[in-house]
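Next come two complexes built around chain A: one with chain B, the other with chain C.
Entry: the complex of A and B
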């Protein structure tokens, strides 16, 4: 025992600190070196992210504070673009459109996708059904827009079908008047985006432990109780992702609107992204367009973060 | 900026250009080495035409074109704005004349090609009056990419079948429209698809009523709320109410133009769309279809007026092959290449030595020259871009009935005041 103490004291005397502390420091130092090395491996990716993501964001914020019109050198004008944006008469209708898009594309694809996922996940050949529903999703927004334009235009498929079916009274200029033009485009978007929701929810449903469903069934739960008490809570992560993605997509809706109506007629169907594009690239008001882009970016990021955090946190307590 | 002041004079030269049938050939000697010039444009389906021009340029000066089409005009403009700064991109590019050139000229996108024009005018390859459409200040920045009239295209066979003749007066024009409408066909094409087509009937009715009114309006000498302008909106509204126009989302290019023509609908459009009927539709000009100058509304007017559009081809100022590009532009204006373009496009060309081959354009050009029809610059090129673009949005609303004439003219007047003030601040008067 005394030898051990002596030995221990000797070690303590030589190093002037307990051996466990030295070992810990050695270990920490090693870890630090490994950490630095690993960061060096990350560096190219970090630099790429900075170049590809942060630089454009920084440049956009800078341009939003200038009168940039593309060719002539931009002049710093402070927050004037933001002031003009707030007083822009189109802002009100654009924000209302964004709200309609957000609510509709949140409710329709998510609800329809959930219903379809519930139906197809339990049937034979569900993979085939999933693929069928996913097909529209793989089309580009431009292709979807062109397809549905041919359906909704005044001399398009829908009106021709209505005429053939003897329903002349329902023939309409679907894309020429507000709000039916926005609603028509929401239908097109729902058709295109529901497939992904079906796939995500189907994956979620298939990952639910079978025992929980069996236990509830044995306890006498009916279909509604089974869904609401067993399946729905266990879709928490998938649901948060689906809703977060749907929210972000609806806020930055652009391609389908641009192809089907160009934001018109008379700017009635413009969304924030379309207004930003029109100001930047049609009128060459890059400074003003950048201010709208910054506003849109802040809106999308904050809504997405709040949605994801809220969704996950809320479900975690279940 | 004196473009607006001299529109009629500018266009008179184009009339002579298009109606000329004198052929004086001049073939340039080919250079030893072939050089390739990148050529950007937004004219969908025109690559074949430009490739034929390329052959002509190769024969003349040993230079070929490598055309790149941008299907989306907005994307095209933005790409060129970036290319103007870096010099990377095209050597040659298509653009628009008039006010639409000013930003590019002031911002250093286009090279000064005044020397090209000086030589071309001296050799009689192009009219000096036409040059003014491509000038900003004292410098010239582009050559004309064809010269197009905006007449009314109509189905000649349907007219014969329905017992109709080409209208000479506004009353006759209205009678023709009423007759076609009675057959269950929309007599006139109108569209707000993409907003810009909204200016077509606006400018047409203004020049048919009073060309000077149109010139005064587009040069900001009178307001959109002027009673004479409002009266034109009232005429337009009556035509809308009679159901004479096609649906607002009608397209009138390519196959769609052919479908409209085959139904018997009349189409007011630039002669650059002539090939849609003759090539895409396989219709025979002068036999199946033809074109006429829209009659005056105001019977007191002694001469008719027609809209004329001259597209632009310029050289990128920072382009790495600028000297060759300018050489190509000079060659482009000479007889061999112009003859190729006239044949390929089926449209008018600026070189007066080139005969007009297409029967529809030939007949129209002859009518314009014989009757000394006023040639008026298109609305699209006749004012600051935000005013024209914003104006089309307001005109679209009027066409669809979501704004009254008063609302539309009030909004146009307010927009005009705002954008002309911005223009004056930016570039001076």
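Entry: the complex of A and C
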């Protein structure tokens, strides 16, 4: 607002200006024009993000403060949805599931991926191995869910295999009881998501200057020392990206649970994303579902910002 | 040294076998002879009818329109999102706008939003603007959602382009659009290619937006069509359903095998 007033004042006094002021003005308007063109470059991205992401997020935050159930116009009810959410008896088990998923995804795909990446790099035929681990990643969540459902089903393949191997004692209704249903789904997820971690870490390892590694080897470092002293610190940035994405993905786990157990039996394997979907789209409790979505978003954003900060700092100095 | 790498190969082969066995199961059961199929997954081959099953899956699941839509969403959606994202990344890296990190988080931060959070408002606004069940509407959603990560990748890559190159081109009198098209775009095409592959795969495999925002077979993406089959094992035999999921995964698998070098090169430059 004040800018507009300023510039119109300038326009009016244009003819009577001393030359040095005129120059200063030209300079500043050129600079402003440059500022505007640099914004023009991210206009398409901002507009698309605004329409598809920011506006819906705002709308959901608004809905979370109402009693919206779809038919009647929503009534503002303050934080009551959040209070109900906190008092939901299933909340505790849902949060425990989210915690299990988060820890397990950090330990399994990220750790296994890091180990495989270390073994793969420098071995002949590493591209072939990488391809094998990446194959599950190109399958859709629907395919992965259908495949592993058939493996873990009570009359499924795993139990058949255990009976054949004479391990009757281990035969189990994998998807029908807690916590083995959550563990089964974590195994399926690990299978599907490790490949990408392998590729990302291999890329990180290949980026380490060869001289550094050679110098360490000449100095007599064994492979254990090589990993901790050379490779691990050099992977700092890519590690932050991998862990950040893994955390965000595990907190919002949905597809695989939806296809394999639907969150059951009696909601024991629900994650926050599943609870949210069920409340909103099966029970039409839009306001309440939105409150869960907002809670989930706050969780994901805070965890991601914390884990990404370390990695992004490095670039700030660039 | 040799002993060491032999040991590595043994570990890798064992792990590869573990990773491949579900794929083996998928293929064996997808190509089984439907007439002797006994409703359970099996390790053994029960007949080998890939061609017949492919044909039947194609017909029963009516995959042609979904495949056509998916190609449109995947190529155009991923292409546009990577182009827009690279423009934004170029601006932030090379043009030094005010509040750089604010803009970075405005575009990248929404990448962390759970998709469920978007469904309801998108459904409502699509219904009221006539975008519901249209190809352009769904395309808009895919472009918007794919932008943040493509932006993240291309920004990381562009940070590695040296300032001297940019300054030299400006001294030569290149304007911003020329700097983008003549310097940044050619120098970062491998990172942009990797971003394209990533986002193409994501769009190709999307289930939830297709389910929520479309109904007609012409508009509906492939995975949403197939997901409705998964729930109907009684009507359609499982080998046929699995075959349909295999057909649906062929294009992405092909892209990764062909583009692996590009993919790795792009990420490498971006890290």
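Operating definition for what follows: the second predicted complex is superposed on the first by the 277 of 318 C-alpha atoms of A that agree within 3 Å, B and C clash if a C-alpha of one lies under 4 Å from a C-alpha of the other, contacts with A are read in each partner's own complex, and residues count from 1 in each chain.
Keep this in mind: a contact is a pair of C-beta atoms (placed from the backbone, for glycine too) under 8 Å apart; a residue touches a chain by one contact, two chains touch by 3 or more.
Fair warning: this is a prediction, and the values are worked out from it, not measured in the lab.
In the overlay built on the shared chain, the residue A:155 is in contact with chain B and with chain C.
In the superposition on chain A, A:282 contacts chain B only, with no contact to chain C.
Contacts of A:127 after superposition on the shared chain: chain C is touched, whereas chain B is not. Looking at the shared chain after the overlay, A:76 reaches neither chain B nor chain C.
In the superposed model, A:176 makes contact with chain B only, not with chain C.
Shared-chain residue A:228: touches no atom of chain B or chain C.
Of the two partner chains placed around the shared chain by superposition, chain C is the only one that A:290 touches, whereas chain B remains out of contact.
Contact comparison for chain A: of chain B and chain C, C touches the greater number of residues. In the superposition on chain A, the residues of chain A contacted by chain B and by chain C overlap at 153, 155, 277, 280-281. Residues of chain C that touch chain A in their complex: 4-5, 8-9, 11-12, 15-16, 19-20, 22-23, 25-26, 29, 40-43, 81, 84-85, 87-88, 90-92, 95-98, 103, 106-107, 109-122, 124-125, 140-141, 143-145, 147-148, 151, 156, 159, 176, 180, 201, 204-205, 207-208, 223, 226-227, 230, 238, 241-242, 245-246, 248-249, 252-253, 255-257, 260-261, 263-264, 267-268, 271.
The residues of chain A lying in touch with chain C in their complex are 34-35, 37-39, 41-42, 44-46, 48-49, 51-57, 59-60, 63, 116, 119-120, 123-124, 127, 129-143, 145-148, 150-151, 153, 155-157, 160-161, 191, 194-195, 199-200, 202-204, 206-207, 223, 237-238, 241, 248, 251-252, 254-255, 259, 273, 276-277, 280-281, 286, 289-290, 293-294, 296-297, 300-301, 304, 315, 318.
Taken in their complex, chain B has these residues touching chain A: 74-75, 77-78, 81, 84-85, 103-104, 106-109, 192-195, 247-250, 385-386, 389, 393-394, 396-397, 400, 402-403.
Those residues of chain A that touch chain B in the shared complex are 69-72, 153-155, 173, 175-178, 262, 264-268, 277, 280-285.
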